[in-house]
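What follows is a group of structures, each given as structure tokens.
Common to both upcoming complexes is chain A, partnered first by chain B, then by chain C.
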Partner chain A sequence: MKFILQLAVKNLSRYKRRTIITAVAIAVGLMMYIIVDSILRGASLESMRNLRWYETASLRVYAEGYWEDRAFLPLENSIEDPASIMSLVEGEQGVATVRTTFAAEMILYSDDFGENGNMNVKVTAIDPTQDFEVYRFEDTLVEGRFLEPGEMDGLLLGSWFAEDIGAEVGYWVTLLTRGKGGFYEAFDMQIVGIVNCPNPNVNRTLIMMDIAAADTYLGMENSVTSIDILLPEKTDLELAKVAIQAKLPEGLEVFTWKDLAQDYLAIVGAKQGGTGMILFLVFIIAAVGVSNTMLMAMYERMRELGMMRALGMRDRDILLSFLFEAGGIGLIGSVVGIALGSLVNIYLVNTGFDFGFMFRNMDIGFRISSVMRGAWSLSTILKAFSAGIFLSMLVAVLPIRRALKLDIPTCLHHQ
Partner chain B sequence: MSIIRIEKVSRNYKTGATLVKALKKVSLTIEAGEFLSIAGPSGSGKTTLLNLIGCIDELDEGEIFINDTAISSMDKIEKTAFRRNNLGFIFQTYNLIPVLSAYENVSFVLSLLDISEREIKRRTYEVLMEVGLEGMEDRRPSKLSGGQQQRVAIARALVKNPQIILADEPTANLDSKTGAEILKLMKRMNEKYHTTFLFSTHDQMIMDYASRLVQLHDGAIVSDERRR
Partner chain C sequence: MSKRIIIVLLGLTILFLPVSLFAITAQEIVREMDAQATFETSYATGSIKTVDRFGTKESTFKAWSRGTTDSLIEFTSIAERGQKILRTKGSLYLFYPDAEELIRMQGAALRQSVLGSDLSYEDMTEEKTTLDDYDVTLDGSETVRGRDCHILILTAKTRQVAYPVQKIWVDKETFLTWKGEYATNHGRLLKKMEVLDTLVIDGRTLPKETRIEDAMKSNSATWMMLDTLEVNIPLESNLFTLENLTW
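Moving on, here comes the complex of A and B:
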């Protein structure tokens, strides 16, 4: 075994240039793997955080039937007596807030906006005293002020939405909607603040008003469309969902953020599949490099191979020697690839790339509005390391076995 | 006492659609300790005969007995073990491993056997000294002359004290003076260790060193002459 290892190590230095080129191919492949995985992992972590912090919270309670009709934002399927439900929910180490979300037509006036116009919007009515316990809009205010409790005519807009419609603090709009029971209602609202939310899906559409005002205008009679719950980060949401569901009276349903963000999870799944395909191709290129290197090494050393077999060296020992050699190339490539990947990753994790110019006008599914950061993953690095070595050895098996199938005189007289 | 008994051995090769009869019912008995040259022109079957005795080729007909063991009765693994324990090879092109030193090229043969590190070291240095390579143990083949490389190959064949050493045109790549030196060295080793040497050649000067000369032509033995 000692000789086999010694021979493999010495043979690595035999064709330095070829070893380096092959190792570089592996290193580039692994570096790409580490970088892409880091970006995807970072984007995914940040998206999930931004989903929970600005869009879905951890869990949400809806009245039965709301989920099926959620596209229409039905006020009829609302939660009666939310205060009693809140007290049940908050026993589970979480904090909760009530929200009412409704569809409306927003009418813009030429006095403020330069021309008259209207558009369909989704309005979220919040409880300003409690909402900031669950969601993190507190740090996102860029202009004006937050809503005040009981404020009847104040609106808060997302900065991208405000930019898109040319809105500024102080402008007036009219919201035209149908209240609970189907009556029409129109109310004038003034923009009091603009928030720059890191979740682009929210920032692109956000319109918030006070829940007491919404209750009055929509005739909700103290009912709300949802109760949003924030639980500590490491809580098992499926277990919490079951526990909370068990406490709730009939006619209410609990959903986790994953249930609510199915669109996001589907997009991320598809993206990871696509990226996996690209990485697979990168690995194939590296594998072909190693395979080719070993094939050339076999043909150049055919007589040597014949000599070793003639002298009584077992085929499995010869195979092992060449496999160690291929593994050595993989080891060099893996170490270099991980070192380079980690160096790039330090920058990705600490600084990241600002894709704000792209995300502003394009929805790529991730809930990130500007800087995409990486994330460390020890398991990815270990996987990359072992895959680099293992794959190098694996792809070397075929050319070695082919050469070992030749008879010894053919090997000895190979030109 | 015969160490090798060859009985009506034939070997055919196919070259495209043509069947080449490399050996035709060759019979030969070789005594232990002989220094035997197999001579003949190119294509006469010298190398084929050595390959068959060396268990690295398959015979089509007949049988070869080494120490009364029929080699066709051995499977691939047994043949590998047999070669490892009983046979030494010297090749025309030396076939040394270029990344290993002279010492490592010789000692690796012993590392295939169940021998202690200490014993490997002792025997390797001893045999390298025997072949006149003392002080050159650490040199790689590229730093040795052709003659010196063939000495390393002889040391590699001798180091495990095999019963038989097979040398296929061992001097063909050397000038006549160096070739003669190598032959003298092989002869000396034959006399010292009583190892049976079988070597192929078509060089008349080399044949003169043999104590027995077997001439092949078109795959058949045409003469078998004891020289001295």
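Moving on, here comes the complex of A and C:
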């Protein structure tokens, strides 16, 4: 066995050019695999984080019946006496804030916007004193100012939404909506600030106003549509959900961010198949490169193989020698590929690529608005390393076995 | 002295007796107005024309009704052919023939617009019980389209109605609502309604062409036009059932 190993190593150094070319093919394939996996994994992780930071928080409490009718944002299914619920919720090491979300028609006027228009929008009424403890909008202001507590006519817009409708700070709009119970209400609001956050969904649609103003206009009588809770990152949300649900009075339901974003997560789940396919294709390309090189190497060395058999070397030993040689090439390629992939990944994880120019006008299904960053995955690196060696050996088996089936004179006369 | 007072009071009573006997109250006007608009059964054909910034759209329909609760509308225009809206007491159903799908509209879903018009499904489900939902006051008289009208101010008693304040002009003779202005609690005008043409059926004057204008948006209005109307006619007993809707 020692001789066979020595022979394999010797052959690696004897055919330097072939070894290098094959190893480079493997290295490039594995590097691509690591990079693609890192970008997709990073995009997925960042999307989940942006969902929690700007859309869903960790947990949310709704009144019974709200979830079934959520598409209509019903104010009738609201939480009465939210203050008492907040005190129950905040005992669970989390912070909570109240929000009221309602559907409205936004009416734009030619005085400010150049022409009259209207559109259906979703408005989120927030408590400016609490909301920043749960959501991370405090660093997202790009123009104007944030809402002030109790401000009756201030509106905050997402930057892409503002851009789409041509809105600027200081412009006036009218919100036409239905209050709790169904009565019509209309109120004039002035845009006081524009925010730009890393969540494209929020940037495209965000409209925020003060919750006290919404309470007055919509006749909410201190009720709210949701209580949003932020828990520490490592919290087991399913356990926390059960614990909080147990504390709540009848008629309230707790949802985790995964429940709230189930539509998005279903799309992500469906995309996993596509992602797996991309990675599989990257692997196939690498494997085809390796197998082709090994095949060429085998046919090049057919006479050498015949000579070894003529000198009395057993077929099993010849097979092992060639397999070890292929494995050696795989090992060199894997080490180099992982080293190169990791180097690129350092940049991807820390800096990333800015795709803002693309994401502005298209929805790629991730909650990322500009910079796509990578993510480290030890399992991917280990998988790539072992697959690089294993695949090299695997693709070498077929040509070796084929050569070993030929008789010795044919091998010796092989051109 | 007391005798003189009695005589004066008697005199005043006699003087004002005709006025108090024949003056109609706001509530009576509304009751009469509701009664005039309700038939035992009816069948109508007509159209809804909607004009907004995207252009003009016209849909034609056939409609059957029974009392104040049951009605069925079937759209006959090409784009919506076969779509039906069934209203029974407390429920509203939509049927889409292409999808062979029956949808029950309830809660906030009723607030959606019907075929993009200025009418909502909720407007269609409103039963003619104005006095249950509104306090009514008489606010003088005015001539509309040459007709002498009472002006009524309707203020919502609950938050469960769409329009918190309504100002309507009701014909003193026929009790037809010629004009209406619908506003928010703070007096912001939302919609304006005006009857442009009428027809007389069974001795009652009814709107033949009505214009509903969205006061919040420029160039947005809906015209409701009735081509034919038959009242108090026999209707099949299963007309207002779900089975009939999907058949």
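In this text, the second predicted complex is superposed on the first by the 362 of 415 C-alpha atoms of A that agree within 3 Å, B and C clash if a C-alpha of one lies under 4 Å from a C-alpha of the other, contacts with A are read in each partner's own complex, and residues count from 1 in each chain.
One rule holds in what follows: a contact is a pair of C-beta atoms (placed from the backbone, for glycine too) under 8 Å apart; a residue touches a chain by one contact, two chains touch by 3 or more.
This structure is a prediction, so every number in the text was calculated from the model and none was measured.
Chemist: Going by the contact rule set out at the top, does A:L311 touch chain B (first), chain C (second), both, or neither?
Modeler: Touch status of A:L311: first partner only.
Chemist: Given the touch rule stated above, what does A:I408 touch, chain B (first), chain C (second), both, or neither?
Modeler: In the superposition, A:I408 contacts chain B only.
Chemist: Is A:G117 touching anything from chain B or chain C once the two structures are fitted on A? First, second, both or neither.
Modeler: In the superposition, A:G117 touches chain C alone.
Chemist: What is the contact status of A:F3 with respect to chain B (first) and chain C (second): first, second, both, or neither?
Modeler: A:F3: touches chain B, not chain C.
Chemist: Do any residues of chain A touch both chain B and chain C, and if so, which are they?
Modeler: Shared contact residues on chain A: none.
Chemist: Which bits of chain A are touching chain C when the two form their complex?
Modeler: For this pair, the touching residues of chain A are 69, 72-74, 76, 103, 105, 107, 116-118, 174, 176, 178-186, 219.
Chemist: Which residues of chain B touch chain A once you look at their complex with the stated criterion?
Modeler: Residues 47, 51, 54, 56-58, 77, 80-85, 87, 89, 91, 93, 95, 97-100, 104, 108-109, 111-112, 156 of chain B touch chain A in their complex.
Chemist: Across the complex, what residues on chain C touch chain A?
Modeler: 53, 107-109, 111, 122, 156, 158-164, 182, 184-186, 188, 190, 216-219
Chemist: Within their complex, state which residues of chain A touch chain B.
Modeler: Answer in residue numbers: 2-3, 6-7, 10-11, 13-14, 303-304, 306-307, 309-315, 317, 407-409, 412.
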